[in-house]
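The same chain A turns up in both complexes below, where it pairs with chain B and then with chain C.
Now for the complex of A and B:
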C-alpha cells in the first residue's frame, strides 16, 4: 500500500480517489452515527498533547490530533483514506484520551473507524487480519490461544526487570490461580462449554461473526463448524439434564 | 445606629474597598485572616506585577498606608468571619476573636489560591527539582535576586515556560476548565526579565494560544519576542521527564505548527499555575450562602444586576479574585466599585 502523508500535502491514495463520492459520504456518516462518537469528540484546540503523548506517533506516520482535526474539518476523503492504513498504526493505549485537556478520545474514534472498516469489508482489513488467522480461530472458538510459557523474555527485548520477575516460578504462580486453568504452564486451557456458549452469544449479538464472514469467508466457515459442533454438544447436554 | 461596612479580606480588592470607604468616612471593619495586609502579592513575595511592571509594595503600600491611617477603618488582622445572622442592613456577624458586630453591608474579597501542580503528575513537579512554578520563579527573583537551577545552583542554559498548568483542563474534573487570564502575560514579563538580565539564557514559551488580551498584546507578547528574543512554540507540554545521561529535563510536545513531535532538553522548566478560589472564598460562600459557579466554585454576581460586584444576596458585594481569575489593577477597580455599591446600598450621606 502506498504511504500517506496528510497535513500540508494530502495525497490520498489512487484507490480512495476512484471510490464514488457518495460511498465515501456513506462511510463517513456510518462513523459519525456511531452512538459513541459524541462521547469521543467534543472540541479541539489542536494543542498537540495527544500526539506528543502517542507511542505510535514516535514510530509511524500517525497522529491522533490529525484524526480529530479531520473530523473537525469534515474531510470526508482523507477520513476514508485513513481507514485503509493510517488508523491501523494506533496501538489503542488511549494515552491520547487521558492526556487530552478537553477529554477527546482519538483512540476511541479509531475504534469506531476500525469497526466500520471491518463491517464494510475494506480490502485493508483483510490484509491486516491475514497474519492473525490462527489467533482468531483459537480465540473465537476456545476463548484462549496462549500457554503461559509462550511468553518468554527472548521474544520481548523491551521487557523491564519487573516483567522478568513475573516470569519466574511460573508453575507456582499458575497453581495459585483460584480457578481451573489446567494446572499447566505448557498448554492453554480450554474454557468450559458453558463459558464458550456465552462467548458465542457475545460474538453473535455484537455482529462479530458477520464481520468475519465478510472479511475472511474461509476462516469464518472453519470457525462456524467448531462453534456449531460445540453448540450441538451443549444442546445434547441440556437435553440430558432435562 | 452606625452603618458599618464589613470588608472580608485584606488583599488588593479588600484594601481598595476599605480605602475608598475610609476616604468617604464610612465606618468600616476590615478583617484579614493572615497577620499582614496585601494578600497574595505581598504574602507570597511576587516580584513584579503585570501590567504596570511595578513591585507589589509600589502598588499596594499606598493602599495599606491609607487604610491604616484612616480614622473610620478598623483593621483586624489574624481574624476571620465565623457566622452571620439576619439580613441586610441588619447583619449580626461574629468574628473569630469573639467580637460581635452589627453590619449594614458586606464586601467579600477573599481571593484565590494557586493551583497545586502535584495534581498533574506527568509534569514531574515535586519529583524533579528543576521543575518549578512561576510563583517560585517570582520568589527566586524577589528573595534571592538571581536565577538558578534548584538541582545544582547553576544558571540554566535553556529554560521553558509551560502554559496552562491547572487551567483549561478537563482532566482535572470540572473545577479547572477556566483560563487563568494572567499566565500568558506574566510569563512574557518573566521571560523578558530573564533575557534582559541573562542574555545568554535561551527562553522558550510553550502555549496552546497566547491570551495577552487588550493592551497587553504588545508589552507581553511582541516585546518579549522582538525586544528580548523569547521564543514561542505552539504545543501543549504533555510530559516532563529527566535524563540521567546529561542531568537535564526533557519536555515532550508536538510542535503543532510544523506537525513535529519533539522531546527537548531543558535545564529549568517553569509551570504557569492556574487560579482556583481560595479556601476562604469557599468558606465565606457557605457562611453567607453566596452563589457559586457550579464548576469552578468561584463566586458569581447577580446576573440581573448587570454589575460585576453585586452578589445575588442583598447587601453583599463581591470583588477581586474570589469571582474568578483577575489581574491586580482590575481587582483594585472592583474593590472601589464594590465600596461605592455598598455605600449606595446603606444610603450613607457622604460628607463633601
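Now for the complex of A and C:
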C-alpha cells in the first residue's frame, strides 16, 4: 500500500519516502519480472533458519528472512529502501539457500536486487561500489578479477608485515614458478587478444558497458580507453596478417 | 551393498545414503539437458574413455563422471593472482601422474566474483562468458576442469538457468553466434559435467596416496599426526548443492566428501569442529571493502573455534576466497587478543607437500602471511629452512639478472632451471603476439 510500511524493524528512510510511489512500483516490478524470481521464492514459514545461519546477520543489520518476508508481503516501500544499502551486507554465501525448508534463495533475491540497483544507478550503490573500482577495471578490460600487483601492502595493512616481504621482487618470484601459471604480475594469467575481443562483444551485447556507464562514468571512460586501444591493436594485427 | 547403477562403487555395510531430501530435484536437469540435445538445441560435450574417467557419487546418489586426463585447465583469478602455489600444485600432480592437459590463454575468468560482489553483470553475460569458455575447450578436444570454486558454483547455476529457461537461451544464442561460438549447425555447447578441481583431487585420492607412500614417506614425511580442520567453500558445496561428491565413507554421506576424503586417504587426522558449515567471511565485496566484517567473522566463527575446540595444525580449503580470508586475517587478531595462528592451504597444496613437492618452488608457501613453519616441522619437512634459502637465492639471482638487463643470461639460466613445464601446450602458436596483456607476461618468446 502506498506510503505504508509493514516492516517489523526496518525504518524506511526519508530518501525513500520522497521517491514517487510509481517509481518504487517500477523498481519492484523490475525485480519481480526477472526470470529467476519465480525460482528463488516459493513460500516462507518465518522459521528463521536462513537468518540463524547467515554470516552477515552476525555483524550487520541484515536478515535474509526479512528479504523473503518483504517479498511475500509485497512491501514495495521497504523493498525499495533495502535496495540502497541493506542488500549490500549479504555475503553471497548461499547458506540461506541450502538451509531453507522451502528451498527459497534469499541470496539469489539479493543478487537480482543488486543488479536492478546498479542498472538504475542508485546513488547509494554508486558510493558503495566506488572502492570496488579496481576490480571492475581489471575484469572489464582483461577478464581477470585479481592480480598479484593489486595486493599492495599499503592497501592491506591489516594483513600483517609479511605482506611487505611478499611484494619484494614480485616479478622475479613469479618468473621462478616452474609452471606456466601465475607468471603475470598485472593479470592473473595472460589473456589472448582475440579472447578479450570476444569478451568486449559480450559486455556490449549484454548491456554491461551501459550499466557501468551509469554507475561510474569516470571509470567507464578509463575502461573504454583501454578497450578501444586493444580493439585498435587487434585491427592492426589482423591487417598485418592479411 | 553396492551402488545400484555402478559396478565399481561398492560399500560394505548398508548406510543411510544417498541423502534424499527436499533439494533432491536437481538431477532432473540432466534429463532435460539430453532432451534439448535430442531437439538439436544444444550439443553435450561428453567425457570419453580418452579422459580416463573416474566415477564418484553426488549428494543424491547420482553417479558423476570425473575426467582425469586430457584436461583443459580453466584457471582461477584468485589462485593465479593471489595463491600461485595453488595452481602450481595442481600442475605438479598432473605432471607426476603423466596426465595430458592444455593450459592456454584463450580464456577469461567466469567473471562471477565481480557479479556477486558488485552486481555489475547479468545472467546473459554470465552465460555467454561460460559458454564461450566451454566452446573453446570443446574446440581443442580437451575437457574443462574448473579451478575456481565460484566459477564452479556460478557455472552450475547458469547451466540450470539455461536449461530450464528458453528466454535465456534465446538471449545468449545471438551473442554466441556473433562470436562464432556455436557449432556449425548452430547449437550451444554444454559440457556433460561441470567439474571442479577438488573433484579431480577426490577422484585421484588413491593415486595421491600411492605417491605419498612412495615419494613423500621416502623423504621422511609423515602426516599421520597432523590435525586437519576441513573448511568447505560455500560456492562449491552450497550453490547447486546436489552436484558435488558425497561418499558413504565420509561422515556417512552427510557432508561433502571431497577434500576430507583425500586427507583421510593419506592418513592425516581429520578433526571435526562445531562451525564446520559456516562460511569464511569472504563476502566477495567484503574482503576488499568491508574488511572489518570479513576479519571479525573469520576470527570469531572459524579461527577461534578451530583453535579452542580442536587445536588443528592446518585448515584445509578448496577455494581461494576461503584460503585468503583465513590466511590473511590472523595477524590482525593480535590487536584484540584474538591471535589464533594456524597454517592454511588448499587440499591440493597440502597433498603436494605430503608427496614431497618443494614447499617454496612448487607450493609457494612464501606467499603465506600465516605461520606454516610449525606445520612443515610436524610433517617431517625438517630441511624447510634450506629449501627456503634455495628459493630466495633463485629469486635474487633472477631479479639481479633482470635489473641488469641480462636477458640472454636469464634465458640461459631458465634453460638449466628445473622448469617442470616452461611453455604450455596451447591450441595455437600465436599466444605471445596476440596478447591482450602484452606488456604483462614475464616470459617473452
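Heads up, the rule we're going with is that the second predicted complex is superposed on the first by the 184 of 242 C-alpha atoms of A that agree within 3 Å, B and C clash if a C-alpha of one lies under 4 Å from a C-alpha of the other, contacts with A are read in each partner's own complex, and residues count from 1 in each chain.
As a working rule, contacts are C-beta pairs under 8 Å (C-beta built on N, C-alpha and C of every residue); 3 or more make two chains touch, one makes a residue touch a chain.
These numbers come from a predicted model, not from an experiment.
> When the two structures are overlaid on chain A, which partner does A:24 contact: first (chain B), second (chain C), both, or neither?
A:24: touches no partner chain.
> Please name the chain, chain B or chain C, that touches the greater number of residues in chain A.
More residues of chain A are touched by C.
> Using the superposition on chain A described above, determine whether A:196 touches chain B (first), chain C (second), both, or neither.
second
> Taking the superposition as given, does A:46 touch the first partner, chain B, the second, chain C, both, or neither?
first
> Give one of first, second, both or neither to describe whether A:70 is in contact with chain B, with chain C, with both, or with none.
neither
> Touch check for A:184: first (chain B), second (chain C), both, or neither?
So A:184 only meets chain C here.
> Let me test your reading of the model: by the given contact rule, A:101 touches which partner, first (chain B), second (chain C), both or neither?
Touch status of A:101: both partners.
> On the A-aligned overlay, A:58 touches which partner chain: chain B = first, chain C = second, or both, or neither?
A:58 contacts both chain B and chain C.
> Let me check the overlay on chain A: which residues of chain A are in contact with chain B and also with chain C?
In chain A, positions 53, 58, 98, 101, 103 sit in both the chain B and chain C interfaces.
> Under the touch definition given earlier, write down the residues of chain A that touch chain C in their complex.
35-36, 39, 53, 55-56, 58-60, 88, 91-95, 97-98, 101, 103, 111, 114-115, 117-118, 125, 128-129, 131-132, 135-136, 139, 141-148, 150-151, 156, 158-163, 165-166, 169, 171-196, 198-199, 201-203, 205-208, 211-212, 215, 230, 233, 237
> Mind listing the chain C positions that touch chain A in their complex?
Listed in rising order, the residues of chain C that touch chain A are 22-23, 75-82, 84, 87-88, 91-92, 103-109, 111, 113-125, 128-129, 132, 136, 153, 161, 164-165, 167-168, 174-175, 178-179, 181, 234-235, 238-239, 241, 277-279, 281-286, 288-289, 291, 293, 295-297, 301, 328-332, 361-362, 364, 366-369, 391, 394-396, 398-399, 402, 417-424, 430-431, 433-443.
> State the interface residues of chain A toward chain B in the complex, per the touch definition above.
Result: residues 7-8, 45-53, 57-58, 63, 65-66, 98-103 of chain A touch chain B.
> Under the definition above, what is the set of chain B residues touching chain A in their complex?
Listed in rising order, the residues are 122, 164, 168-171, 208-209, 234-239, 252-256, 259, 261-262.
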